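What follows are several structures.
What follows is chain A paired twice: with chain B in the first complex and chain C in the second.
So, the complex of A and B:
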């Protein structure tokens, strides 16, 4: 019963996160983005997540935010400022702020969900929401081996640092990082082969079946959650949010 | 060559990798039910490749009989239930989110009922002393616990033969001792790859020595360990 309750909480958190992610698409002005960021920051504070860690992890959204950067110059409109000799329009500035803010908010919402329930519980919740079992198994495997891959990366980096007499230049570091990633990729492939052998040796012939128990059948609570999610989606559609 | 009471019979087993490297060359030996045998040899001798064949993960030329049944693609499901293969790196063996799910993986693949799976998981975890860690994530286990959990993942399939690849490699003295005690208490026949000659001396009476894919010794372990020339020739001592 307690396990079912915990599963329900994870499902609720995931459903809320999905609704949150969908809602982000409805934020269309920098002011609305600021409101959204404030709301997520308040929630993370209430959840007891240290702000420094929360914002540092949010930096993962940076590469995605940068994708919007060219809009600064390409968005039509009278220039209000100049960068590298190119005009920046007010509309472009606003667009970049909105898209960057949306990316940041997406990362923060998922980070909040992971901090609240933990990645494994969220994957179980994904299974409960009816995601194909093959995909759920792939997610489980990714989670299982992510830590090991990161440890491997740390070891490779330390081995590299221990042989560097002085801090090398950016280009050299980029090349070394590329080599590290390639090595890591090859090692991960080798590990994948060994894991496959381990699965085969224990009788797995019809594909992956990582979970010994199938998700429990839906009860009233799950249907209420589904109803709420659908209501949210219909509400979003009614308000003409762009998907 | 298949004698009465013989649990495992390997006849003229040869195997080459697609790269052209010949890993096994006409290996033949037998193992009786309950017999515990050390598989020794230098790195690259073909020991791990041999273990992969016992479970039908690899197929080479020659014949392998497990419990009198010829190992083939048709009999593979039955044979895999009889031969428990434990890999050297427990992180390769423990791929499920929790220890309990990993131990249940084999019985589930064999199509056992949920009640049977539950009983098998409990029994296997009890045998290796990890009942309390059933819900634990594998990445949160110590090295010794991971090795014991990896052993439990095959014990739950109730095998009659355990094929273990370096069960004590990389363990501290205490973890190594706990693994040895667990192995001592198991009734199954064992074929154990090891470079740990002290472990071999404590657990086994018979040794097979493999070098460059050939079986170069099959006899009493004590005689092999006392033969300095044999050990040196096959890279078992410096």
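So, the complex of A and C:
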């Protein structure tokens, strides 16, 4: 029962995050974006996430926001300022702020979900929301072995740095990197074979599904959650949110 | 700074545009999951570990002129080595985890990101590889072309999608992204070529043969891109009276890349060594 409750919590967090992502698309002015950012910051504070860490992580979204930058110059309207000799319109400024803000907010919402439940529980929540179990098993194994494969890559890189010739040529470096990637591919294949054998030796059935991969039947709580999500979506649509 | 331009984040596209991406990606993903049943017992461990491999390989960066750096995507490489179905599953799993846990890309934009990287970069890249190799190109040249053209076409499609969404004007994004991503594509192509030629030397049994279905799927993706580029300019936020280059920029760039591809084919016909049969 407790396990089911924990699973339900992670499902609720993911469902709320998805609902949050959909709602963010409804924010149309910089003021609304500021309200959204304040709300997410307050939620993260209430969840006990140190603000400095949360905002430092949020900086990862900045390179994406740059893609909207040209709208500063191309949006029609009288120029209110100049940059590099090009006029910036008020509409363009507002649009860049809204798109960049939406991008940052979506990033923060997903980061909040990860901080609250952790990656493994989020993948379980994806399974409970109806994602095909074969795909969920792949995600689980990927997360489980990511650290090992990264360590393997680190060892290969150290070996390359200590033993490879120091030639500055682009082709040489590309070939060495290609060899490194191919070696990592081979080692991942070998590890996959070992994992397959280990799963078989532990009695895995045909298809080698992970033991917990069969989705649990939906209970009343899941249906209530789905109903609430749908109600929220219909309510938002009814209020003519600009999606 | 890492160039993340091929990942469309949430917030950049409207819901109808995001939905269109999902409508394209979901059937392809379903077909990939069904087709990968051929390797039933190995499917989950193999896909899981290779998704972790792609994740790790994406941390490898190479410098791009202009003070930035690009990172390996690995879509063409994985699709060449595993075939289109497994390749698609692996790339989509990586994209899903990136969106869910690491904040690269987004859940709403996952449909378009899957189209860009799994279908265009992966499937189209693998078709380029098999097409060139069948016509006598060396493995290295074919793999390089797959990596490079896959990246170039991936960025082209990304530009078109962002223009349709009204986020990034085509007249700015197309030259900016195509220039940088073509340079990133050279790195991608070189690493793909290095990896494929190394595997061909050490484990030739891992280099798969061409499958006609996969080639057909690759041509279908190319046809979709062509049809997308032929849409009226208003769809991409351009005015109707603009010149041909501006009117059909996607088509012009695709045509240019096609000419490059033909040039590559001619070059390899001229300079390739005759095949020695045992």
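One rule holds for everything that comes next: the second predicted complex is superposed on the first by the 170 of 243 C-alpha atoms of A that agree within 3 Å, B and C clash if a C-alpha of one lies under 4 Å from a C-alpha of the other, contacts with A are read in each partner's own complex, and residues count from 1 in each chain.
Keep this in mind: a contact is a pair of C-beta atoms (placed from the backbone, for glycine too) under 8 Å apart; a residue touches a chain by one contact, two chains touch by 3 or more.
Source: prediction; values computed, not measured.
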Partner chain(s) touched by A:132 [first = chain B, second = chain C, both, neither]: second
First (chain B), second (chain C), both or neither touched by A:122: second
Partner chain in contact with A:40 - chain B first, chain C second, else both or neither: neither
Touched partner set for A:191, first chain B, second chain C, both or neither: both
Partner chain in contact with A:144 - chain B first, chain C second, else both or neither: both
If touched residues of chain A are counted for chain B and for chain C, the larger one: C
First (chain B), second (chain C), both or neither touched by A:112: neither
Partner chain(s) touched by A:201 [first = chain B, second = chain C, both, neither]: first
Partner chain(s) touched by A:97 [first = chain B, second = chain C, both, neither]: neither
Chain B and chain C contact sites that coincide on chain A, given as residue numbers: 123, 140-141, 143-145, 148, 191, 195, 199-200, 209-210
Contact set on chain A toward chain C in their complex: 18, 21-22, 24-25, 57, 60-61, 63-64, 67-68, 70-71, 73-74, 99-107, 110-111, 114, 119, 122-123, 126, 132, 134-135, 137-146, 148-150, 152-153, 170-171, 173-186, 188-189, 191-193, 195-196, 199-200, 206-210, 243
Chain B-touching residues of chain A, taken from the complex the two chains share: 120, 123, 140-141, 143-145, 147-148, 191, 194-195, 197-205, 209-213
Touch list for chain C against partner chain A, complex: 1-5, 7, 9-12, 14-16, 33, 40-53, 55-57, 59-60, 62, 72, 74, 77, 81, 89-90, 92-94, 96-97, 99-101, 103, 106-108, 162, 167-169, 171-173, 176, 187, 190-199, 202-203, 206
Chain A partner contacts - residues on chain B that touch it in the complex: 52, 55, 57, 76-77, 80-81, 85, 87, 89, 91-93, 95-97, 100-101, 104-106, 108-110, 114, 117, 137-139, 153-154, 157
